[in-house]
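Presented sequentially are two complexes of chain A, the first with chain B as partner and the second with chain C.
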Partner chain A sequence: MTHFNEMFESDQVRSPYAGLQAWMNGMPAALRVQKQAEAEALFRRIGITFAVYGEGGDPDRLIPFDMFPRVFTHSEWGKLERGIKQRAKALNAFLTDVYGRGEIIRAGRIPANLVYQNEAYERAVAGFVPPKGVYSHIVGIDIVRTGPTDFFVLEDNCRTPSGVSYMLESREMMMRMFPDLFRENRIAPVDGYHEALRRTLMSVAPQKCQGDPTVVILTPGHFNSAYYEHSFLADLMGVELVEGADLFVDGEYVYMRTTEGPKRVDVIYRRIDDAFLDPLCFRPDSMLGVPGLMDVYRSGGVSICSAPGAGVADDKAVYTYVPEMIRFYLGEEPILQNVPTWKCAGTDDLKYVLENLPELVVKEVHGSGGYGMLVGPKSTKDEIETFRHKILKDPSNYIAQPTLSLSTTPTFVEEGVAPRHVDLRPYCLVGERIELVPGGLTRVALREGSLVVNSSQGGGVKDTWVLAE
Partner chain B sequence: MLLLIDHLTRYRYDVPVRGVVQSHRLTPSLHDGQEVIDWQIEVSGGVMGGSFRDGAGDVVQGWSVKGPVREIEVRVRGRVATNDTAGVLRGHRESVAVEAYLRETQLTELAGGLATLARLAEGAENRLAACHLLSSAVSEAVAYTPGATQMHTTAAEALEEGEGVCQDHAHILCAVARANGVPARYVSGYLLAEGAAHQAAHAWAELFVPGLGWVGFDPANECCPDARYVRLGSGLDAREAAPIRGSARSTGAETLDVTVAVLATQQ
Partner chain C sequence: MLSRTADNLYWIARYMERAETLARLLEVGARMSLLPTAQGFRNEWESILNATGQTAAFQKKYDSFAQRNIESFLFFDRDNPSSIASSLTAARENGRIVRTALTGQVWDALNTTFQELRQIERTPRSQLELSRLTDWTTKQTAMLRGAIDATLLRNDGYDFLNLGFAIERADATARIIDVKYYVLLPRAGVIGAGAENDQWAMLLRALNLNRAFHWAYGGELTAHKIAHFLILNPACPRALMTCGQEIDTALKHLAQLYGRDTEAQHLAQGLLQGLSAATPEAIFEEGLHDFLTRVIRETAALAGAVHDSYLSGDM
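The block that comes next holds the complex of A and B.
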């Protein structure tokens, strides 16, 4: 299989990377090793060592940072930006709809059971419309590239996608270590992200909020693998980082305990799952949440971001219908394509999947983090047969996709510079407006030939550049 | 029929608690079978929180009590005029899609003998007949025995036991109905039970029958809800439909004391 190399096209350097060739050639091995060590020491010192959302693995393990930036031209990004914003808008329209009248289901465009029997569908918020009609305020969309103009969406993350601190820290790191690069190239800044995030959160303050909304980040605590990111974002935005026990419900509002007494909270950017938010509404054994929070939320006393129930839009089985959502709600054609997907729940699809396992990637519908999946072309006969039995046991739990020929970018490896496969997760903010900072998290599969970019499976991160016009 | 209800719940804490937050489904539903004449909810030392009607049509009301307190009383009193609609829930405003009631929960998981019991509905003439068949089957399979089960007993466990209370009957009926593709929900409320005071706080199930809508079935009393019933709220199981869900910030133990009286009065 041939792969699109984002820097070299038959020995010619593609224009976005022109500014990096001299830099690459002018870097002797010794300097490279020294810089790499410097970067790692910096990452360690600031403590950025967590795993990307839901990936599990050792929470204290450092995710490798690759210094070779990944670059998009202004016009490449323009197309991505339009596609991402379109998708974020459609996903939110879908959520408003399925917690309201369910028009898309009545119209027969999405099967009812896929939505209403979905584990992530929260009956408790049906009929409730969150402020500005926004359910997913931070939409992380995982995108892969297979050619000069070919981009595919792998999955959507509508709950609390993490990793944005890597986007910000990677840039910080590069600017510190290679300031010349940023003078010689016109790179769009990403440091407006935290301001945009704060603006977004404040714009969805609840109905009963008076004056400037008070925003907090609700974390499950320091043992959580993304705790670093929670405290990092709270610092940048200048808002309090709280745990469930720091908040309490009194009457119609939620308050946080402070040294100056209770302070009313208007917007909660929560980084805990729905099930743990409120023991009076969801899991009664949850110690992480705030008792009574959902009653305050549903009566307009506080906003919760993302809104409880947002997860039903990013389910892997619902994913296949996102292009349909774009057509249905926006009356537009999707700018970014989905990866063709076979649903093993259907008999024809199942037959095709079982006949073509060596060529396909098979995933669990509810899985994440690159676990529980089969990459056909990279698996042994035994592994494929074992997986065949798993699929047959519970077909509806699996979907399959063709093995995509992920693009590569130059990456620093032992021997020098070599192509490695990458993906991209931009973070789209949805409040009163839809905003997208020019950049995202580029993950790179550091093992030669590997297509799995997850940090738990040997993935690293890179700085992502968008060139100014 | 005019029903007079007096429902007192008393929480006692062996160590004073720093605060209590509760979420109530204690207001009778709005539907053709019942009309509230007057209704009063008091929480000792309580501050009313947010209130709203949820997608299922239930009135949910939050309460909070600032500590320290050793005891909290929730007292509900009122009069409801009822009439018999043969179990059919008419004129009830709600917006949740009925398919959302096909989901099982931990308490209503289709396990043990439930699948076998569910198969009794096969070959029923129509949906309504199937619902009646299932409801009778549940009455037969589980004898009414107070104390045989607990709050956390699952439908499968109660069936295995062969004994239980109205909560278990309703859970089992929900589980076997869903297994047949019939949307089902757990309903909590009050019942005028002549000579059986312990049944006054009651629970039953509602099953969805196309053409009729939601229809109540009470396997514990082998009937459909009539003018003796007052409906409060619903959920996928007893936990979701609980009239009171609460949480106390405390380290000690809690003792719960509930008395419910339902009387029929002259109009």
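The block that comes next holds the complex of A and C.
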């Protein structure tokens, strides 16, 4: 399989990377090693680490950082931006619809059971419309590239996509280590993200809020693998980082416990799952949530971002209908394409999938983080057979996609510079307005030939440049 | 400020101060162990351990008061919640939780300490001189203090840090004096002056104050002078009076900031007034041990009031 190399087309350097060739060639191995060590020391000192669930080992493990930037031209980004915003808009329209009248289902454009029987569908919020009709305030859309103009959406993340701190810190790191690059290239800044995020969160203050809304970030706590990001964002926005036990419900409102007594909270940017939000409404054994929170939410006393129930839009089976949503709600054609997907729930699709397992990527409908998936071309016969049995046991739990020929970008490796596969996760903000900073998180599969970029599977990150006009 | 944040800040300071106190005690122990043993003296390592109040826990795990065991227990032992390694780790963990309330430099001081500690833990013990460990510890705590003073906003968070430092230090000073209280009791020349002088000097050294004492008082060491210096002299950085003043200042600032007085301010005033009214004569009359026990109890009550009024979030 040949892969699109974002820097070299045959032997020519593609225009977005023109500014990097001299830099790459002018970097002796010793300097590269020294800079890499410098970057690692900085990351560790700042405390940017990523604990991997269930792996034990070093809780202070660093996400590998690759110094070779990934670059988009202004016009490439323009198309991506339009496509991302379009998608974020349609996903929110879909959520408003399925917790309301369900027009898209009545119109027969998406099967009712896929929505209403979905584990992520929250009956508890049916009929309630959150402020500004926004359910998913931060939409992370995973995009892969297969050619000069071919971009595909791999999946949508409507709940609490993580990783934006790496986007910001990677840029910080590059500017600190290679200031000349930023003088020589016109690179659009990403440091407006936290301002835009705060604007977004404040714009969805609840009905009963008077004056300036008080925003907090709700974290499961410092043992969570993304805790660094939670505290980083709280710090940038100048808002409190709270845990469930810091909040309590009294009457119609939510308060946080402060040294000056209770203080009312208006908007909660939560980084915990629906199931843990409120032990009275969801999982009764949750120690992370706030008893009574959902009652306050439904009576307009507090906003929760993303809204409980938003997960029904980023299900991998619902994903296949997003182009349909765009046509239905916006009357537009999708700017970004979906990856062709077979739903194992359908008999014909299942038959095709089982016959072609060695060529396909099979994923669990609710899975995330690169866990529980089969990459056909990279698997042994035994692994494929084991997976076949898993699919047969519960076909509706799986979808399959062709193995995409992911683009590569030059990446620093042991021997020098070599192409490695990458994807892209931009973070689209939806509030009163829809905003997108020019950039995102580029994840890179550091192992040669690997297509799995998830940080939980040993992937690394890169700075992502969008060149100004 | 979130009550939990205030709580974390307060404990960062307490843990760092605790680590520093232990490092200083270890330093004294090492020094004493280099002196020729005088007749009838107790094992100094044991008295160092007594000052930490952990002799029982130590004896459960180790069979002798050998220096290596003491070092293991007081510096490295993760089973000992007050060991230097445990304290520095706990301080950093508290810091990690409240990153948003710290400046980059303060976090850097906490985190660098932790990262270096992990290096030290991986180093063979044969390459680790005790003096290197104690120097390193006091340097790290000084770095944290410097970062706090140079970069942190003078807001409530700063007050909670200072409360933590001052309360922990008051408790440590009172306990250290208490362990040696018997050597300060004025006696009519029963024991040879030489032996008593050594003990006093050691007490000052334990608080890293032997030179300061001579600058402040000059002349011969006497029990009264030493008691005055360590308990009542506001010029002495570790004196109970100084700690009391620092506690009072932080609490006054909080009361002003929040517009309300609490039980904590009330108790701090009581502690300070008690110290202001005291004289060395009165202290020895009450009985040094009884006086110190009372101060330790009052400090604990004050710490409890700080917790209830600010840190628990239940008000």
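FYI, the second predicted complex is superposed on the first by the 460 of 469 C-alpha atoms of A that agree within 3 Å, B and C clash if a C-alpha of one lies under 4 Å from a C-alpha of the other, contacts with A are read in each partner's own complex, and residues count from 1 in each chain.
Please note the rule applied: contacts are C-beta pairs under 8 Å (C-beta built on N, C-alpha and C of every residue); 3 or more make two chains touch, one makes a residue touch a chain.
Just so we're clear, the structure is a prediction, and the values are computed from it rather than from any experiment.
Chemist: Going by the contact rule stated at the top, is it chain B or chain C that touches a larger number of residues on chain A?
Modeler: Greater contact footprint in residues on chain A: B.
Chemist: So, does A:127 touch the first partner chain B, the second partner chain C, both, or neither?
Modeler: Touch status of A:127: first partner only.
Chemist: Please indicate which partner A:301 is in contact with in the superposed arrangement: first for chain B, second for chain C, both, or neither.
Modeler: So A:301 only meets chain B here.
Chemist: Please indicate which partner A:292 is in contact with in the superposed arrangement: first for chain B, second for chain C, both, or neither.
Modeler: A:292 contacts chain B only, not chain C.
Chemist: Looking at the overlay, does A:112 come into contact with chain B only (first), chain C only (second), both, or neither?
Modeler: A:112 contacts chain B only, not chain C.
Chemist: With both complexes superposed on chain A, which partner does A:284 reach: first (chain B), second (chain C), both or neither?
Modeler: Once the two structures are laid over each other on A, A:284 reaches chain B alone.
Chemist: Based on the superposed arrangement, let me know which partner A:100 touches: chain B (first), chain C (second), both, or neither?
Modeler: first
Chemist: Based on the superposed arrangement, let me know which partner A:260 touches: chain B (first), chain C (second), both, or neither?
Modeler: A:260 sits against chain C, while chain B stays out of touch.
Chemist: Residues of chain C touching chain A in their complex?
Modeler: 1-6, 93, 96-97, 99-100, 104, 107-108, 111-112, 115, 156, 160, 254, 258, 310-311, 313-315
Chemist: Okay, in this complex, where on chain B does chain A touch?
Modeler: 19, 21-23, 47-52, 54-56, 60-62, 64, 66, 94-97, 99-100, 102-103, 236, 239, 245-247, 249
Chemist: Could you please specify the touching residues of chain A with respect to chain B in the complex?
Modeler: Chain A residues touching chain B: 99-102, 105, 112-113, 115-117, 119, 121, 123-128, 248-252, 279-281, 284, 291-292, 294-296, 298-301.
Chemist: Given the complex with chain C, which residues does chain A contribute to the contact?
Modeler: Interface residues on chain A, with respect to chain C: 44-47, 221-222, 227-228, 231-232, 234-235, 240-243, 245-246, 256-261.
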